[in-house]
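Could you have a look at this structure, given as structure tokens, before my questions?
Chain lettering (A, B, C, D and E) follows the sequence in which the chains are written, and residue indices restart at 1 in each chain.
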Amino acid sequence: MIIEDFDFWLGKAGYFSLTLLIVTFYGLLVGAFIDRTIAKVQGRIGIPYRQPFINILKNFFKRTAISHGVMFYLGPVFRIAGGIGTLAFIPVLYGSEMFSNFSMAGDLFLVIYFMFFGQLGMALGAGESGHPYAAIGIARGLSQMTAYEVPFVLAVISIVIQYDTLSITQIVAAQQGGWQNWTVVTNWVATLAAMLAFLGMMGYSPFDIFLAPQEIPIGPPTEFHSAYLGLMQLNRALFGATKLVLFMNLFFGGATSWPELMIKTLLIYMVAIVVGVAFPRFRVDQGIRFFFKIPTLIGIMSIVYVQMMLVA
Amino acid sequence: MIKSLNTEDTLENAGLTDEEQQLFSNARPQAYEPYPIKAVEDFANWARANSLWILAFGTGCGAIELRPLMTARFDASRFGVAGRPTPRQSSVFVIGGYASVKTLKRIIRSYEQMQGPKFIICLGICPVNGGMYFDSYNTVNQFDQYLPVDLYITGCMPRPEVLVAGIMELQKKIKAGECNGANRYVENFDWYKANQKKVIKNWDMPDYNW
Amino acid sequence: MVVTNTIIDVLLQPLGIYVLALGAGFLIPLFYRVRRGSGVLVFFAALAAMAVIAGLNLLAIINGAPAIDIETAGIKPPFSINLRFGLLEGGFVLAVNTVALLGAWHYLPRLKQQAASLLLYLILVMGINGMVMTRDLFNLFIFIEITSIATYALIGMGRSDNVLAAGFKYVMATSIASAFFLLGTIFLYYQTGTLNIDDIIMNRDLIEGPIGLIATLFLLTSLLVELKPYPANGWGLDVYETADSGIASLISVGVSAGVFFALYKLLPLMDNYLTSIALIGGLTFLISNLIGLKQENTKRLLGYSSIGQMGLLTLAVALLKQTDADAHLPLIVGGLFVNHLFAKAGLFWLAGIVNRKCIGEWSSGVKRSEVLLLGVLITALVGLPPFPGFWAKWELVMLLAGNELFGWIALILIGSLLEAAYLFRWFSYARQQDSEQPDDAPAEASFSFMQIMPVTIAALLLFITGYGMAKTMHVASPEVFLPLVAGFAMWLIDRSHGRLKNLPMLAAVAVGGYLLTNDLEGINRLFSYLLVGGGILVSIAAMYRNDNRRGFYPLLTVLLLSLATLLRAQTSLEFFFSWELMTLSSYLLVTLGRNGVKPALTYLLFSLASAYFILAGFSVAYGATGSLLLADLGNSGDSVAIIFSLLAAGFIIKMGGFGVHIWLPGAYAESDDDFTAILSAVVSKAGIFGLFIIAAHLGVRSDIGLDPGYVLGWIGILTATFGALMAVFQEDIKRLVAYSSMGQLGYIVTGMALMSHLGWVSAMYITVNHFLFKGILFLSIAGVILRTNERLMYKMGGLIKNMPFTFTFVMIAIIAMSGVPPLSGYGGKWMLFNALMEKQWYWITAFAFFSSAVAFLYMFRLLQTVFLGQRKLEHAEIREAPMILLLPQMVMIVGIMVISAYPKLLIDPLSAAIDPWIANTLVWQGTALHAHFGHWNAPMIMAVVAGVFMIPLILLSLFALSMKIQKVEQFNIVYAAERPRRPEETHFAYKFFAHYDRAIGFTVRPRATAFWNSVVEWSHSAGASLRIFYNGNGQTYALFVIMYFVGLFLFNGGLAL
Amino acid sequence: MIKRLFIFMILALMAVIFFNLASNYTENTSLSKLGHYYVEKGPLEIGAPNLVTAVVVTYRGLDTLGEVTVLFISAAGVGLLLRRSRRKQDIDSQDRDNRAEESKNSHKPASEIVETATELLLPMIILFGIYVFMNGHLSPGGGFQGGAIIASGTMFLLLALPESHISRLMIAITESLSGFSYVVVGVLGVIMAGGFLDNRFMDLGTYGELFSAGAIPLIYTFVGLKVGFELSAVLDRFRQYDQNEDTDSV
Amino acid sequence: MNMLTDFPISLIVLCSGLCLILLGLWGMLTQRNLIRIIIGFSLMDTGIHMVMVSIGYVTGGTAPIINDAVAMNEAVNRVVDPVPSALVLTAIVIGLGVTAVMLSFAVRIHKTRKTLMIDKLTESKW
């Protein structure tokens, strides 16, 4: 299969690499932007735009490192492979064959499940570090994940019912033709549930207990440093952007060009930031309960809503 | 890739019980060379200088001066300064004033756990000569007897502005490739360790805290 | 010479039984006076001759000779007394005499002390024979009295303290009953002018009016009371409790048999009262078993069981009569009777040999052989295969179903379950011997051998009769019995070296499995690969233990081969037989575990409940279709929904469904570690197979609509969700994985419930996947437990350094389980979700998502707390798991990898096998599978993931080259500037998800356990309140006897008079 | 009290049932089917004028054999129940004499009148018993009645002379042999006549004579002996046990 | 009709027998002393025997002995039913046997337990 269409695959790989670069770059940039935005809120100037890049470079330029074992070494690799893979299965730009990446390999379920790949690998790496805080952080993170997953999945089911497909490309296709066709308009309930889940997914306050820098020194990555940390920072930019792209595709009509993508994802990101700046941190059980209450209810309503809509 | 333990050149770890020996690495720290290509090294130094992650460990009264550094008034993040809660990820250790023997032990442990290149800034007069605690029974007078210091910011207490100035000075030094305290520490490891052990009586750590 | 021949001829007639018994009985005192031994010899000769005579004559009748009618006094009946020796009579007489002979063997040490006891025993047996054979009402009375008086005297011979009091109560109650019998007889004579039973039956029109009613009720009451119906049976219980085991056994099986047969003979007179009889029998069966739950005294427990069995027999005969199913009588009543006879007698003897007052005391010092016999006898008594009780119960239930008497079926099944509960509770005590005793000393052994021989023979006779019944029911094909035969063969070499036994076991299963399954087709064939092949694969690992493991290999052989027979079952009977065999053998295997006995009991009870649901389902199906073929299940018309529900309930229980799962963690956790792997990876698939059977035959063919399927889907998904949630909070590694198994099976149930092609493929795919990863997980865990001797996860940690292979296997298994691409779990989840969405089961979909997210929690916990984190000091030196454990895991890893990369290899045969039931809806485009909603291209995902994994790996490696990476030890961690002190402090593992517990732990508080505990408590307190009638006062008991008569009179229209 | 009331109510219900029986009872005005046959054919077939005997010994001979068996086993049962345990006997034997002495003192010897009357009456009672069972087929009476009379003689003896000795051995031998002979007679009936316990394997003889009605006198002799000795044995056992108890309690 | 036909002789026996049965049962159920219970049993037994005998009575019949007193050819109309008589004979013996066994139980109980009260003998229950 791969041998036969070698050229095609080479092209795919090439364009995906391009996508990867753009999205990573964009993710780092947007990270800086967000940081500066928060700084503005606090009356500061904030970091320069280049800061995230420098941080990563610095980490890669560290000259000493330690290793707790093979899984510790592979953990960050898993982590970023999860990020890259997730991006690989999402069509980034609508209507562009080349920027559809490898989305023909799977559908929305694949993306949702592949998100766990990196988390699992990372968790294993952090686990091998032998640091109790890493384990605590993971335990918290995973617990919270099960909670925000519920409204998110309900919203996803809702839109899958709405569009009668699991293919992200087709979901985006169904939203073309103006803002009035976006899911956020046609199925605002589902979008609401998904955006609430999004808050948890992005790991900003009030749902950042699993990082808790002062309590459990940044949780899972406590022991990671140097190039490991560099990879993880890359992933944070990449994976964050990937999630934004996914949400954009599902709920905000996708994008047909890179600028559109950037604007949309930035705006989506702002939601998490605004909430994050405004609210203090939840305790982990509070966070979990929160997701099981209002967001889940909205998620349930979204399915009811979409069924009523289809009947009507 | 993972360097195997150099068995010939291991540390004694006399502070540990037999049972604990296997739980701590007994490897001796090694110095690192600059990158063979000058441009790369310069670039790396530039990156290091512009991304100074300070270990969030307030060791003395100077710690209070670190806080305003991140606030709107001083906003050290402009210079790439950020706090990190774990020594693994930090590159700068700010010794905030006097270092008591008890704290010194923790400082040493934390410093050794940082990954090189790593830098120490000593804040205030106390780490220089003991300052007002020069004859205290439990503070060390000359901090650089125990750990390699890259930059002193004297005063009692220096204001945050001075600290910002000091950080900028450190950046300059890093960019110039002059901050190699970590290597100095490794090269004179035995001397440093002897000094440390002289003041720290209950040495129950491994000799080098990886 | 001629005279001698004539005399021998006479003696060989059934009449010879009396002649010999009486003659010998009269002469025994003389012989005994001359020489004690000769008296004993005469005694045994007479008993043996009685059995032989019965046997010879029965054989003749079976071979076609007519029933023998014996006339006395040279006058034709009804003017003289006559006896009949027909098929039923012969069977009863032979059985009773055989048991009496064996019982005499057991009883001999006490019997031979007095000539009187010898002759009493002999005449007692003769009395029973007379009760069975006589055709004269008054003669029957005399035989009843002979039996009674002999019984009284033998009871009085007992040594226990309270035996006299018990005996007196017994005399009081039975003498009133006899008085009733006499009154009934005389008034019947008054009305019919005859005493011959046949004559009376012929002239039953003459029995009329109040006198007829009262006379008949007198007879009925008397016979019923002699059978000890609830609550007029306290006197019987007291005797069972206190009397010597020899006489108690004879009362329980012999006397009761005689009375029962008398009742049967007189039943034509009782046409109007059959309902009363059935009710009394049924209630007695139910209530005495309920009360038995609370009983601690060994022999009294047996008493309750005896009474229950008699109630069942009474119920059976009344219902058979009511439904005009006399033709089934020999099989059902005979089967139940023979079963009760040998099993109960054997149990009484065993109780006498072991001689422990309370069943709790059986937990120490009971010999292995005795425990084995106890197991066999209890198994038979409960009605498990291959014993006669199983076949009889099946036949009875089917017959009742044919007449739509479902209430009675429920009663019988509930009663049987209760009986199993207390009997196996007893067995559980006996199983948990305090310490493994060395083999008995030779001298003692021979003594105990002699003692135990009658019990052994009884057990053997049960096997033989069981086989005979199977033959009669035309299911005794070699295939069905192959598991037992193979298991027996393995048992013969059970004393040999532990590890060596594995190879013949594997060979036996392989050959047997091949013979049994090589002609299967379709889905059954696929299952055979899974169950037999998989079973063999996992069993290889059993070699990692080198201890003797007595009983393990024979039982495992039976288990695995019974799975094979399950697959080839064509009829519901074969299916049920194999199912029960599987249940039984797996139960016994669970008891072999460290603390396996107690959880095994729970397991067995739930399994039996499951089996009874299945039986009920099959019976309804039989009632609806009149056919036992599984293929005909679908033709059940209106009853399809109820059949489906019953069968599904049975399979769900067996799979540990939501709410009925409480057996599962215990059984999985406490059984042997390698057996847990078999239990989870292989045996649990039997439930899935069952579910498939009903889904295929009932769900699809008959188009029963969504409702039962939808309910099933919900059950499945709730099982999955709560299984996962409960797994999250376990500290015990095996319990964690056990709950995980429960959760995974939930997905399969949901997939089956979908009744769509994709749904079934997903279910089957998950099934295969589950086999692979659960096999790996449990075997890995076996290795970990072997090396660490720990089961609590927080006591482990950091084992990745010592057991890298095990860790890797567990990791791969867990990724395959979690559904994270690119490994095989994703395919199952993808198909399941697509199928769910297609079916528009959205809420279930959401739950499925949630539960698979929760599953991450426990999966990570398993890896983290066992293999990662801080290693304990004492685990520093442990080694990798033994090779023999890793080997099957490797095979399974390869399996996971193959189906991950090319799922088509698996899905195509699955799809083809399902195609006959539901048309294929899978669309393949190259390697991509397309469903209505989404698409899935496994090889491409695999390739992409491999690719994206390589990029950062290379990147990291490049930079790593430029660094000095120091390998450090476990305490080289950042620890807030302090140094860790002990691994225990630094290993975050205990209450790993405490915060999660705080958040939503309230959903998994053990409500199901609490519920079932309250069920147990309730039944115990019900039993306690139902037994208040047994106040120990003989007068109260006598009053109950009278009340029985009054009650029967009032119930049967006495008020109208 | 409540219990008594309850029992009273139950028995009252029984009484109601019995009233039902009695009120529906009408006296027979003719013989039942069985009775008719026996009265009509009995004298000819069996040759015994006493039809009850004919019924008891022949028509319902199996019942009678059972009845004998019942007696036999109840005697054996009483013996079994009232046996002295072996261990106790051993202990007892050490000071048996002592106790015998005491027990003798505890029973007053019978007066001479009683003794003499006993000697006089006992043979007559036994003789009468023998008469009754020998003539069972001719006149009211029979083996059981005769046996009972013999046993009443024993009873008389035991009451009058409590210390008198009855030979256990004799009782046992008679018991066993007469019982066994009865069975043998029954088997002879099968071999030489129509069936088990058929009395006609011996000549029926002249109707109404002592040695007639086939084997009935023979059977009744065995029965009478057996019943007599068995009842005696029962009585004797009670007596002996009673004595044991007395000695034990002293 | 006169009293005799309303109350035939056998009915009187029958009623007496039934009353005896009830009396015997009352004794068995209410008396606590074992010996009295046995007496109750005997009463009941006797009652049953009376009932049996009464059943066999044929109006105006005489003893079924076919000799000079009753001619063979008219015996059918003159004698009572011999069957119940035969049965009662057997029943009496059986009753005797049971009574003997009961008594020996009572004797033994008295010896081992030093009591004859039935409500003291309730060790085995439930």
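What to note about this one:
The rule is simple: contacts are C-beta pairs under 8 Å (C-beta built on N, C-alpha and C of every residue); 3 or more make two chains touch, one makes a residue touch a chain.
Treat the numbers as computed from the prediction; the structure is a model and nothing was measured.
Contact counts per chain pair peak at A-C. Among the remaining chains, D is positioned farthest from chain B, on the basis of C-alpha centroids. Mean C-alpha position of chain C lies 50 Å from that of chain E.
Averaged C-alpha coordinates put the centre of chain A at 105 Å from the centre of chain D.
Separating the centre of chain B from that of chain E, both taken as means of CA atoms, is a distance of 115 Å.
The geometric centre of chain D is 16 Å away from that of chain E, both derived from CA atoms.
Residues of chain E in contact with at least two other chains: 21, 25, 29-30, 55, 83, 87, 90, 94, 97-98, 101, 104-105, 108.
Looking at chain B, one finds that residues 2, 32, 86, 88, 210 touch two or more other chains. Each of the following residues of chain D touches two or more other chains: 7, 11, 14, 21, 25, 28, 32, 34-35, 38, 59-60, 63, 66-67, 70, 73-74, 77-78, 81.
The list of touching chain pairs reads A-B, A-C, B-C, C-D, C-E, D-E. Residues 138, 142, 145, 148-149, 152-153, 156, 161-162, 164-169, 171-172, 175-176, 178-179, 182-183, 185-187, 189-190, 195, 234, 237-238, 241-242, 294-295, 300, 1027, 1030-1035, 1038-1039, 1042 of chain C are the ones touching chain E in the complex.
The touching residues of chain E, counted against chain C in their complex, run 21, 25, 28-30, 32, 34, 37, 41, 44-45, 48, 51-52, 55, 83-84, 87, 90-91, 94, 97-98, 101-102, 104-106, 108-109, 112-113, 118-119, 121-126.
Residue ranges on chain C touching chain B, taken from their complex, read 873, 876, 957, 960-972, 974, 977-980, 983. Those residues of chain B that touch chain C in the complex are listed here as 1-5, 19-20, 22-25, 27, 30, 32, 35, 57, 86-88, 106-107, 109-110, 113, 204-206, 209-210.
Taken in their complex, chain B has these residues touching chain A: 2, 29, 32, 43-44, 47-48, 50-51, 53, 56, 71-72, 75, 77-78, 80, 82, 84-86, 88-89, 91, 115-117, 182, 210.
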